[in-house]
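Two complexes follow with chain A in common, the first pairing it with chain B and the second with chain C.
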Partner chain A sequence: MTVVETGAETDDGTSVGPRIGENAPRPDGVPKVTGDFAFSSDLHHDRMLWGATLRSPHAAARIGGIDTSPALAMNGVHAVLTHADVPGSPTYGLEHRDQPVLAGDVVRYEGEPVAVVAADHPDTARRALAAIHVDWQPTEPLVDPALAETADPIHPDGNVIRRIHLRHGDQAAAQRDDLVSVEGTYEVGMQDQAFLGPESGMAVPDEDGGVDLYVATQWLHVDRDQVAACLDLPHEKVRLTLAGVGGAFGAREDLSLHVHLCLLALRTGRPVKMSYGREESFHGHVHRHPARMWYRHHATTDGDLVRVEAHLLLDGGAYASSSGAVIANATCFAAGPYMVPSVEIEGVVVRTDNPPCGAMRGFGAVQTCFAHEAQMDRLAAALDMDPVALRLRNALEPGDRLATGQVITGTLPVAEVIRACADHPSAAVGSDEPMARPGGAGRTADAEHVVRGEAVAVGFKNLMFSEGFDDSSAARCVLHHGVATITCACAEVGQGFVTLARQIAGEVLGVNEIVLAPVETTSIGSAGSTSASRQTWMSGGAVQLACETVRRELLAGLATTHGLPIDDLVLVDGRVRSLSGDLDLSLAELTAEPVEADVVHRHAPTSTLDADGQGDAHVSFAVSAHRAIVDVDPDLGLVKVVELTTSQDVGRVLHPLQALGQLEGGAAQGVGLAVMEEVQVANGRIRNASFTDYLIPTALDMPPLEVAALIEQPEPGAPFGAKGIGEPPSISSTAAVAAAVRDATGLDLPRVPVRPSDICLVANPESGEAA
Partner chain B sequence: MTNESGFSLSVNGRSRSVVDALPGESLLFVLRERLGLAGSKNACEEGECGSCTVRLDDETVCSCLVLAEAAAGRQVMTIEGLGSEGDLSDVQQAFLDAGAVQCGFCTPGLLMAIDALLENDPDPDDLTVREAISGNLCRCTGYGRILDAVDRAAEARQAEATP
Partner chain C sequence: MPVTIAISIDDACASLDAHPGALVLAGGTDLMVEVNRGVRRIDHVVAVDRIPELRGWSIEGDHDPVHGQVLRLGAGTTCADLAEPALASLVPALAQAARTVGSPQIRNAATLGGNLATASPAGDTLPVLAALDAEVELRSTDGTRRLPLDEFVTGVKANALNPGELITAIRVRVLDGPQEFLKVGTRNAMVIAVTSLALVVDRPGRTVRVALGSVAPVPLRATEAEVLMAERLDFEGLTTPEPELVNRFSELVADAARPIDDHRSSAAYRTHAVGVLARRAILRAFSGPVPEPA
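Moving on to the complex of A and B:
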């Protein structure tokens, strides 16, 4: 058997295809660097019209009436549609169908869609929006989530979207007088996913009365189901194709312009394109839930956690989106990756007239990680104990029980990631460069006053959907003339599934030519969502299963024909060989007739949470740690993150460069939430819906990321042992940066993002009122 | 309302006539929607994200902030002029080798900014690179692989320049 090294060539000079563990090239890499890759906003059709959306300028209002006739009378305007033009379900939603396609008699958040137009030019469409007359009757918006439970319902479904009361262990465990207790209240601001490619797509009407929708999304099939219900069309008449996705991070799980585009295309009989501007994008998708979290930790004087109590309040905004699953995650993981014998957590997510919130990378675990890690530091201080030692002492291990009562049966190297991160030597040195100081290019920091801080944080979450969700991914493998064609509806959003799918097929089938079929709804079943760190496991697993099925079928036939045990046959570089060397056949010739397999891959079933929040609700978990080193200018409240170090539980690395990219990119979003990113909402209205005012980290803001260790403990049940790696980097990074700023300044800083005023007005009380 | 007489733009060395454009159309809009050059991206259309970066003569600009007609008489270079499949520029190749491409939406703008940086400063230090690309937002990568790509491209360009 020929052993082929990575990147080497075989005897006959053909290059080796993609394999697991290698830095295989992205199949979409070349078109993405040449500008040829078609993102959803790049779609063009010669007959297309431009769609635009009229949105509510009020956070809460009644609509007395809508007069579209002035807009419809304009030259170049082809359609103006309102709620009255929605033929099917007037509402949609991921968990609850509670969000109107177009608002009818009431709006519940600023930016809620009210009407849509199609016109021959985007400027015409915008002018048409301005010509629509809406009889707005503004009402007092409900904007304080703390008042939502007692306020009059703003929606027929009520103001409490979900409440979970988790009780674990002896509820009287802390009723002793020999425990050390620490208490704190923490807040997390509203973060935006801020993907760069705006919401966009094109709908093309079909002669059969159906519609083709080309759109950037995270989950084609669930979009298809919701769109079809709103259009009152059978599923087969609503065909979705994935258009190029410019990032997602959770913000493309919900529908945005999908139904609007289809309505306009079906009404006008012409292709319609829509592309949100940045300001509209801030109103056009859900955000990360703002959170208020009260915590009390109790520990023995030796530092053993005894009990954690918490109350979590998440602001879901106007509509439910995935809030129910987010609060479940927040609650389940509220105590952190620690062994806590007694837990009581009440998690509530409420409805307000604030912008709707839903999925974002980390999905509820980001907010609670910030809080539980602040608590662990506070506890360490109260115990006069090293904060890393306190974490190691209480670190969860396989075999331990979570706060949900679930026993960890897979891998979870909590202590390993903490230790690797904390022990890693730092490369951070002080710099004399003014550009490297807090404040950066402004050169405003006085170098003499800059103080440095350092801290470690750790966080974890579930991989894949939880609470009994019947999660699956479908894949097809066709091996024909030695070429493997893979069909799977997994949405590539930038993460690199297209690379992994080819690596998996190459690894299993030993082929070098692998084609990925277009991603759409008619050719294959659902792949589930590109979220919850689930696609490597679910769709990667589906591709693996499909390829293995093909491989088995092919080899079983050959084994019979040649009288060899099937285990003696190997597929390598487009050939079938026997271990003895007697057999050496061309796969291309063997597959002159195609061999194919259709599979649906499921993970092990999970259960729901009972009335006490107990149950085996999750499939698997992943943990990460970050160490942050920061420089702070206390006079101006400016923070420079100097260095980040991370260690992560990855199961197995399938593609080293892509893995690194996930760790770096996720950490950047964590840094953003720690020190700069917040959707500022005042009386229900977004004040900073632009990249001028909503700041995401630039290359000057991001420190180098040191990877102390990727902990490779293969996860049972996962393809090749690989865990999803997308979310953990965004979980512990925010907590670590905030803690490092605390370490530098000695301030409590119970809220992220840490604003300059949180530092300088508190650090220098004489200079102004404390924030 | 439309500019019926039209105007011409020199894009990637070719003269392109633009007819029927509304007077307020940006260079970005004309490139994308009238000339079929969709490589320059539209992430903010207010000059903050750099996704629409093109070269106007020797200047790198956000094409969303340039009135299309104002670019007449100047040489416009877009990502489509940087290199094509089979003939990638050093920076494009470095992006692929370094793993700097994820969703790819920021990629064309970054490539244009980095190409211009290396033309002016073939051996930039880390802070210079970070400052030079700080007008180009990327949400996927955290910039680590992009910075590595700049190092790789700089090395390739210097190796080529050294006889």
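Moving on to the complex of A and C:
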């Protein structure tokens, strides 16, 4: 990889700005490494109070009453608020307003907010919480998602959040006796996003009766809309500014402390800051949906898939969050990136008294990828076929129909990513280093205790929002004195949009000085969410469109003035030149008066899913493959991922280093889900709400990632042909690691994360069915 | 909140005497977690990390060919110190246990005395200290006393420290024989023990001593397994024991475990795992050549 440092002096002394395809330096990179970057938890105001949240200790309870007077009577306590103090909508939510700002007469999960306080010191706030008397009347929590449909509703909206019954092709296609069928039931545990910067923010009341909220989030405008509704304020009186975000991965799509902070600030007339601790953070955001998935695959003896049937049950927890979109994704992509003529998938997401689940990187496709890839391996075994060959034989390609009936019109190099990954030479060797074996620093294994396994998995998902959502991003470009100022409300959550926006502006305008305006809600319209692998396409596209509009306006004027065809004019390094060389003007002088453009960028419209789950519901797709090589200590059930190789469909690489970062980070989260990451919930209570016990991979758990290939097939309609790349790495990695552990041990391992006891305490290793 | 920065042991003991209920802060790697979680409120802190007498180690007394020399480890000895080669060669199992604690940053701060004071069932150095029959030296303004480890650790995060007492040192014998420490966690580093096992061999004393971590409220000695091995092993040649003997040893060690189900593991897995660790530890320690058949 050639690394071109930009923004620096080149050999001939000219300054070169950020350009597409280069490793432009991140403006926030050095401050994040040195500790100078201001995260939301660093927010400070001289007059600020500290907010804190009283949460339910019960997974389900009625509230007989709340007595806040002892807390209010305490010195240093400025406000104690309950549901009765919410002036506007008592509930909020991304898809349905079903979640109370503060619980009133009932709580539905452990950790549900019940009251908030503002005090002059965090310790005072904490003591005030303890002084609030709540008349708890615990009830039996509904914790088994399998019982949710038949149980009494725990919420006025009912216990089924969404059901999709997808039927595609000839439903009788498998009614033949010459097919090979395999069946299995799979489970995925509850994963946490485990971002490093816990929820925090500060609300500052304004004299106009409004409020300014500084908060770490993924989508400012949709937060603003929800907060304003709860405060019963017009949108313009609720102003959100992005505070430094310490990771998101979906966990900041829902509101957490937003409304609470604003309520306290408006009540006290003082700035109020709130910062969750780690334990509170586990209760303060949604998690990845746990899933139970039954599958049956039917194929010809030659290995052509004929029909896939599945039943997917996702546990949405107490409130809807984005469960409806998650189950849609899980259902639409349940069969994997394979050509399947006949499909029937029933996807159901239910409400329980477990912690609410919602968005997390991969968004429904992670769970089903684990299942469909296990099924493909099982089918390959039943057919006595090479599992990679089986995948290649059935790989989707452009022009094929998905299970939703949608024809793939863009790029989708499924076979290419599988082949690149599977054919990549492995560098994995046995190690004499005891720490490199399963068990790592505990030095539990000697070389003779270790067996090795290898497997390839592939997965795909949609890019951007689906099902007819009117998705857009707004951007403004102002070119003034040769400096481009870009305004866009795209939330930088670590993905690198601040770098990319500069690269795009530099590429289009040929300028080297680019300023990014603060990210907030008053100066520009919505950029949509930093999720769904959508911001490069949506906000990158908006920045591109805004800059191109400015460029066109500028050059059109010059072309007229100088009597030149517009296509003869180029913008290079802050100059406007004609191809003939006759014209060479300073952009700084040409833009003494600003040239500007305001744009809203939309992707091609999508349609909803019909009663059979059919429809052109998605914009674009991306596929990735992983090959995992693992060492397993079967007697202790410990695993070491030795090597992870990937290839991914990226459209076009805009920033090689940031692309690699997404591939590495996503794969690490996938490894985590495969072998250790699980929010353990018992009777509705989280048992491991800490980084001591919610384990995420260390450097000894995550091997260096081998990138076999980045498949660059420019995607029509995408800016510079670039697809979003954030999610696919977390989809196929889990499936590959789990399959490699199966290969090493010969066990079924139908559940992730694979626990040590799943490997070494199984009574019946060969329960796999093949009919 | 007042903080006393003690510069000598006497200084620290005087402060502890003057401020009943004061908390001792050494590396802070356990204490600060509890403080940050809000489960422990602090009224007064006595910081002992700048007391030179608490750092370092020494060999005490003359060489005793039967019982070995006594190694005195200052309570402020860090996990990183324990892993240094000179010290590691004297108590290799303790060094290995120290290497499994947390991250390098944690090992630079965390102390042996702190691991004892916390007295967690999962404390990594505790099984090794139990296997070594360690003695804990305690000091207060009333004087010094010594307690055997099994009298010092009294329960889950409970110890025999009296008010005003400070852990000043740990005494162990330097043994002639192999030592092993193995620890199972569900992550390859930086993990709380699901179970652990320390095995030390005293060749002149003809004993194998085995202690288990995370399978009971306190570190457990597998006494029956020790008795069996004392009778049957070749302490001169360290010959690999017969498979049946290894199996029996493994069973007896597993039988000694009294684990619970919790969020880190099931009791069944802990019992199983400790048996596997026993087998591997004894085979690592006794790896000598099988003698020619008679």
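Here, the second predicted complex is superposed on the first by the 748 of 771 C-alpha atoms of A that agree within 3 Å, B and C clash if a C-alpha of one lies under 4 Å from a C-alpha of the other, contacts with A are read in each partner's own complex, and residues count from 1 in each chain.
The criterion applied here is as follows: contacts are C-beta pairs under 8 Å (C-beta built on N, C-alpha and C of every residue); 3 or more make two chains touch, one makes a residue touch a chain.
Please read all numbers here as calculations on a predicted model, not as lab measurements.
Asker: For A:T698, using the defined touch cut-off, is the partner it touches chain B, chain C, both, or neither? Pick first, second, both or neither.
Answerer: both
Asker: Between chain B (first) and chain C (second), which does A:H133 come into contact with in this model arrangement: first, second, both, or neither?
Answerer: neither
Asker: Check whether A:G494 is in contact with chain B, with chain C, with both or with neither, and answer first, second, both or neither.
Answerer: In the superposition, A:G494 contacts chain B only.
Asker: Would you sort A:G277 into first (chain B), second (chain C), both or neither based on which partner it touches?
Answerer: both
Asker: Could you figure out whether chain B or chain C reaches more residues of chain A?
Answerer: Counted on chain A, the partner with more touching residues turns out to be B.
Asker: Is A:R47 in contact with chain B, with chain C, with both, or with neither (first, second, both, neither)?
Answerer: Neither partner.
Asker: Could you say whether A:R552 touches chain B, chain C, both of them, or neither, answering first, second, both or neither?
Answerer: Touch partners of A:R552: none, neither chain B nor chain C.
Asker: Is A:R602 in contact with chain B, with chain C, with both, or with neither (first, second, both, neither)?
Answerer: Neither partner.
Asker: First (chain B), second (chain C), both or neither: which does A:D36 touch?
Answerer: First partner only.
Asker: Which residues form the common part of the chain A surface touched by chain B and by chain C?
Answerer: 277, 435, 441, 690, 692, 697-700
Asker: Show which residues of chain A lie in contact with chain C when the two form their complex.
Answerer: 126, 277, 279, 435, 438-446, 449, 635-638, 640, 675-676, 680, 682, 687-688, 690, 692-693, 695, 697-701, 755-757, 760-761
Asker: If you look only at chain C, which of its residues touch chain A in the complex?
Answerer: Within the complex, chain C contacts chain A at residues 33, 36-38, 96, 99-100, 181-194, 196, 262-266, 268-269, 272-273, 276-277, 280, 284.
Asker: Which positions of chain B touch chain A when the two form their complex?
Answerer: 22, 24, 32-33, 36-46, 48-49, 51, 78-80, 82-85, 88, 92, 95-96, 98-99, 101-108, 111, 127, 129-131, 133-147
Asker: In their shared complex, at which residues does chain A touch chain B?
Answerer: 23, 25-26, 28-39, 41-42, 44, 121, 123, 193-198, 244-249, 275, 277-278, 433, 435-436, 441, 493-496, 657-658, 660-661, 664-669, 690-692, 696-700, 702, 704-705
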